[in-house]
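We call the chains A, B, C, D and E, going by the order they appear; numbering starts again at 1 in every chain.
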Amino acid sequence: MVVHPVLLIAIPLIAAFIIPLAKKYGFAIAAGAMAFNMGYAIGMFSYIYSHGKIYEMIAGFKPPVGIFLAVDALSAMLALLINLFAFINFIAIGKEWNYKFSMLYLLAIAGSTGIVLTGDIFNMFIFFEITAVASYALIAGKKDEKAIEGAIKYMVLGSIASIFILMGIALIYSQLKTLNIYDIAARISSMDEKIKWASFALLLTGIGVEAEIFPLNGWVPAAYQGASSGVASLLSFGPSKAAIYAIARIMMVIFPFHATYEIALYVGVVTLVIGELAAFMQEDVKRMLAYSSIGQMGLILIAFSLASQNIQNALIAAFFLIISHASAKSSLFLLSRSPSMGGAACKYTGIVGVLSIIGMPPLAGFWGKWYLMLAAINEKLWLVIMLVFFAGIVEAGYFARYLHKSMGNESKLNLRYKVAMVVMVSFTILLGLLPIAYKMASLPLWGW
Amino acid sequence: MLDIIFAELIIAAIITFFVGKKIASIIAGFISILPLFALIDWANNFGFKTISFGIERQMNISVAGITLHLGITPLSWFFALMILPLFPLIMLYSYSFFKENDGFYPFMLFAFASTFGILLSKDMLSLFLFWEIMSWSSFLLVYRSRDKEAIISYLIFSVFSAFAILFGLMILWHENFSLLLSDIGRINGIYGFIAIASLIIGFSVKSVLMPLHAWAPFVYSKSDEPFVAFLSGGLSKLGYYGMFLFLFTLNGVKILQNYTPNVAWNYLLAVVGSLSAFVATMLAIMQDDLRKLLAYSSIGQLGYIAIGFGIGTPLAITGALFQAFNHAFFKAVLFLAAGAVAYRTGKWKISELGGLAYRMPLTFLAALFAIFALAAIPITSGFAAKWLLYEAAIQQKYVFIAPLMLIAGVGAFLYSFRILYGVFLGENRYPDVKEAPKSMIAAMFILMLPLIIFVVFPGYMLDLMKPALSNSGIESIAHTKFAIETSLAKYNSMAVLITLIAAMVPAFIIYKARKHRITSFEDNYLAGEPYEFHNPSMHAAHNFYKPLKGVVLPYFEPGATYYFEKIYKGIGILSNGIRRIYTGFVQDYAIYVVIFLLAVMGWLIWM
Amino acid sequence: MGLYIGDKMMKYEEWSKLAIKVSKASLWMLHFCTGCGAIEMPPVMTSRYDMERFGIAPMATPRQADVLLITGYLTVKTLRRVIQVYEQMQSPKYVIAFGSCTINGGMYWDSYNTIKHLEKYIPVDVYITGCMPRPEGIINAFIKLMELIDEGKARGWEKYQKYYDKYKENQRRVFNFEIEGENEEY
Amino acid sequence: MKSIELIGKGKEMHGRAYIEVMPDELENAIKKLKENGFNHFVMLSCIDWLEEEKFELVYHLWSYEVKEHVMLSVRMNRNNASMPSMSHLFPQIETYEREIHEMYGIEFDGNNRLTPFLLENWHHAPPMRKDFDSEKFVGKLYESIPFIEEDENEGI
Amino acid sequence: MDVMGIAIKVALLTAYAVIGTCVGLLFMGIGRKIIARVHNRVGPPFYQNFIDVAKLLSKKTNISHGWIFDLALLFSISGILLTLLFLPIGGVQLLSMEGDAFLVLYLLAIPALGFALGAGASGNPNAGVGVMRALVMMLSYELPFIITLIALMIYYDTTSLATIVRMQSINGVKSWAITMPPFMLAAFAADMALQGMLMEQPFDIPVAPHEIASGPMVEFGGKYLGSLMLYKAIALVAETTLFVDLFLGGGVVAHGNFAFVINFIVWLALIFLLFILSILIAASFPRFRIEQAFGFYWKYEAIIAAISLIWVYILVIK
């Protein structure tokens, strides 16, 4: 069997363009496309699981010219994650909106998947643009004041980010005349030292805006608060995860230097501490979850930044943290639609989500923190470990407050929401419990 | 066999999500007896002749690269003896305690399974895994209380404890490159010191040592009684299990000593323990809420165990283990009795209760006996335990610890009497209350049995803990069945008992020589005024130790809770400050982006 | 009222000689000080007259006391308390009544709410005349009481048990200000 | 004297001001006095003028400023005697009114606590009225209660 | 087992129990007499307390408030006898080898607890208040007492009272603890604690007849009160003996064949002197309030005791 990862990008894009022509069937088309994507992502993942990495070139051009997709185990897993959750989330929320929403949703998913799969930095930029534009519109879709405010903030920062990304790419291209990350990686040493660093800084800043790292994340609280809970859920498992992965990929493939890792570590630690502390006294649930997301992104970035020495442990940690955060935070955002956690489904979703983020075994979050610790301790980063612990305690503080505050019998969620929530959150349990997780964790994720 | 036991516990936990209250309590009760069979079986390995069920001593559960090493050690066997029997009885108690099954049983079973797991784990990963499962399952039980302070403080302190333990384990792992606990011995130097210190701090959260006890009064006073009985009786011992394990079995004391030969760190632990015992006792005296009183009493009584570990001589450790065993049972009985009282009357405030001794005589008897053990009345096992600790302190000439311990022992009389008088004696406020349901009574009385067995035979207890001590290289002290002998003195419980019985003879003659008649309660001298109770503040149990309160409380007022609240608020202020970064103006954010870019660029280019 | 449940009847003779001897040598008193006689008690107890040399000691509660001292006039309202206290004392128990008020009302002979003859409501073993009696008189009364006990004549408590119903009837009448055959208003 | 000047009538009697007021003037008089320094209400007493068929209520007030004792006297009919309660001016008047109600049977309108106060179980006429024949009452109640004589034959 | 030995032991213990009771009652009577003389009164005869107890035990009616109330009677006498027999008296060890000072400290709590249970069961608020005061007093005076006890224990390196007595009696009076300067301080603190233990003025706050109608005893009469008087008499002997054992060598001055007679007399004289001292203090001071008593013990007495403890500690460490 031959796998074409490009289909994962092409199908939603095509579906998105079809939807305006068949407005009535918008939901069905989008759901179908996403179902296909989900199935295909599973298939691709299992293929990669047994065969290894895939490179695919589009339109017959060889690198460094054409569209180039490079899929390894981690990116396949992320593509699977994004498409799977996108499908579940869409089933839950899609019916509430008109065809435009479906279209934008598909675009966002296509973009996020593209960011994850692509092996070409210019394509990455394009996918970023697609994702970002779709996200602005999705956030603004709620049409109230806060939504528009969030969307505008996101848009302003996103535009700046685009410019920076583009500048970074231009700098690299001006020196190396190539856009393929592997080509760039092979010839990076021939770059002018200063331009090399400048381009890295530009790319980090640009992508960092999407990846919610401090201090580039000014849009995050407003956008999450303004967006409807479904969209907030989408933002937390889609674009942000794709973006943090993009940072990791650029850092690990193109700029695998001590200094870059160091910068990523510092930025990650600062993001973690600031995010968690900012969440501590937050009263608004969505805002609190948004700040918490910032903290978690910092944690994931720390995990990636530790990959320079302990690539195995660091990547397993990042993998589990991404899974845990995506599943827990998306379901918590869905839950935030209800004023309190009435009923068993809502209650246990909330509790499991919170426990997973705090890092209680046997949930996925625990394994993330465990491997992160193993990686950190090898480099004797005591301060980092302390700060991670401190952040964890702060996390426990505000999540306990959240759990207490949202205790109640009221539940305004319909069945689709509940099912989506439970299915999403069950991933953190399943991946924590099932042996496959350990198996996966014991395999090399990067490259092989 | 062992994996089957675990599997059954987990399956039972899942089943109890879906069945009714009575069935759930029966399932939980019967399933949780299984580990007791294992305990009986394992006793064969430690020099006791019992029945064998063919349950293995060691087991490795290997799952895709990660191996959990499980197995019984003499130490964990002894701790299992005191923790595990509580569980089926608490389930028996809960048979009539709860109105419906709303998530108590599954998490209780998770907590139980993880407790069993902690005791059996032989490597750091499984220890930590089970510890965390215990943490969250007990958190979910606390969560049922719906009390803000309880939920927040328990989760924060649990996470703190977990991280401190994780930190210690990580260092040990990093230094030894082995997850097995038995390989720890090689560690030395600053890392060993930090690791052991961090582990002790982590464990002392669960064992409610004084500075880290702040969660306990809230949690103990707001959660369901059966759970609190397990929390205070059982789970708090796990902290001391961890301490014993790392300090003595795994030579933590030597690790500490090797790094700083001139500082007696274990003395610090003893000081903390004695302050814990003293301060908590004083605070317990002042409480009006029955559960808060018992909570502070728990903190105080558990402090004694820390003193024992801190002193660290064989005498002291024996006393500490003895005290741990006693505390598991008498505090469980007390919490269950308090629960039974509340079940019938619906009141928690001591000043609103009263006169239940004749209405609930069996509950009263159970509580009375538990209080005898708590207040260390001679011939009860409670006295033997505390006696050993006192002897140990005098033997080591610890002149700071000994007075605090002893005065805390006297203070125990004060709050014990508070319970007896306020709840069971005094004015008769509930003339229509019935005795607690049979299952509750049965649970309390069966829980008392171990205490009764060791009443005049403290020697049996010392025999039981002998394997655990000798496994850690601690010699056990000289004793016969009913007498314990130390280098300082001797305590013969049989002599006390016989003399007490003999001395009862003249008392009994006086008692029987003249007849008496029992008058109604209202026939009470109040300067001729008829006895009427309408005003609760006229009740003598209201504000009982008021004179003491005025003198003592000012010194204890800014307690640990106060400082933790300060820290919490401090973090809140920090948080509010940090939130200022997010000004809400997108212009600012754009400036941040540019500054970040320049900073990163600058860092990379010029560094 | 009616908290009192009558003792089993006991013959005075059953009580042993020794018990009589010790009982008269250790009279513990409860002074129910509502009247003017209260001021006569301190001199009796302190160094001038020192009643402790007879084994007499003040007690704080009726449970411990043997002798009830009624130190002067009693209103109906006070009588109710006195009776309750008297019934809480443990047999054998004695009553010493001070002054003319307890005998026939004294200077309150026409008061609408002062009882006139204490004897009608509780049995009195020894009366002390005077208004008020001096400490010597009080000590004299105690010595008289001792004599009576010795002779077996201080039997007020037995009388109270025996005629319990009659005493109760009298008490009920006076507490309710119940006038026989009349309900007219004054 | 100041109080006489304030009220506009009355006379000095043994160094005190004695002012007779009508029942409807009473409230204003007390108010006026209270506002002008007579802020200590000493007591309320009652006299039964049997021959005149009157009750006299005397309100005693004291001023710390001018050191003056004033007695406000009010007379009312003896039959169905009633007075408006002054307890809203000085709260302690309520207690005096309770006592006077119990002992003389005067009703105080506006006082809600005219419950039995000092006497227990009293169901006869108010005892302090002059037409209450105390001697006759004693004779009928106390003297009619029998002594309890011991039955000599029976023995104890 | 040696039947004869056991019989002798039982006889000895019985004899000391009886002696303790009689001595206690006698002392109480003498105490009343002395107080009367201080007041310039004649006072009751010295045997008055025997009469009182006999009278109380011969009362015709006895009011009980239920079976918990009866525990007061049963536990007060048996508990205090038990305590007495675990003390070395005049060099005779009795049962003191089977226990130690900590045991005695806790045994003293048995009658108190039984008493408190009975008082509580009576349901009288005065009793509750009285027991509260008694317990607070106990907490108060135990602190200086415990500190002095620990000072002795670490000095003699034993907790056994019998051993402490033996070590103090090696050279007769010269080796008594009270001859050493640090223990003089300690003895002062312990004597004040003894005053509280005996519930004499200024520390008779728990019974305070004029405030709370004799406190815990308010519902006790007849045989119940009689047993409490017996308890108090024996407690007097036991508590003063404890002091004598700790500081005055248990009254042991002689060794030899008939030494125990001399020692017994010395012991009797010493506890009598202690009791007289306590009575004289009681006759001269008015009653403290409970907060004042607590402050007195925990501030001044505890500091004195602590100084002696530190002094002893320095001596021992050297």
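Quick note on the criterion: a residue touches a chain if its C-beta (ideal position, glycine included) is under 8 Å from a C-beta of that chain, and two chains touch if they have at least 3 such contacts.
Note that the structure is a prediction, hence the values are computed from the model and not measured.
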Other chains in touch with both chain B and chain C: E
Shortest walk length in steps over touching chains, chain D through to chain E: 2
Centroid-based (C-alpha) most distant chain relative to chain B: D
Top chain pair, ranked by number of contacting C-beta pairs: B-E
Distance between chain centroids, defined by C-alpha means - chain A, chain E (Å): 78
Centre distance in Å when chain A and chain C are each reduced to the mean of their C-alpha atoms: 95
Whole-Å gap separating chain A and chain B, where each centre is the average of the chain's CA atoms: 44
Whole-Å gap separating chain C and chain D, where each centre is the average of the chain's CA atoms: 36
Multi-chain contact sites of chain B, meaning residues that touch two or more partners: 517, 519, 523, 525, 527
Contacts with two or more other chains, residues of chain A listed in rising order: none
Multi-chain contact sites of chain D, meaning residues that touch two or more partners: none
Chain-to-chain touches, reported pairwise for every pair that qualifies: A-B, B-C, B-E, C-D, C-E
In the complex, chain B residues that touch chain E: 355, 357-358, 375-378, 383, 387, 390-391, 394, 397, 399, 402-403, 406-407, 409-411, 413-414, 417, 420-421, 425-428, 483, 488-492, 495-496, 499-500, 502-504, 506-508, 510-511, 513-519, 521, 523-527, 538-541, 544-545, 547-548, 550-552
Chain C-facing residues of chain D, complex: 118-125, 127, 131-138, 140-148, 150, 156
Residues on chain B engaged by chain A in the complex (per definition of touch): 63-66, 128-129, 132-133, 135-136, 140, 143, 146, 148, 151-152, 154-156, 158-160, 163-164, 166-167, 170-171, 173-174, 568, 571-572, 574-576, 578-579, 581-582, 584, 586, 588-590, 592-597, 600-601, 603-605, 607
Chain E residues within the chain B interface of the complex: 10, 13, 17, 57-59, 61-66, 68, 70, 73-79, 81-82, 85-86, 95, 97-103, 105-107, 109-110, 112-113, 116-117, 120-129, 131-133, 135-136, 138-139, 142-143, 146-147, 150, 153-154, 157-160, 163, 213, 218-219, 222-224, 226-227, 230, 289-291, 294-295, 298, 309-310, 313, 316-317
Residue ranges of chain C in contact with chain D within the complex: 12, 76-77, 80, 105, 109-113, 115-117, 119-120, 123, 155, 158-159, 162-163, 166-167, 170, 173-180, 182, 185-186
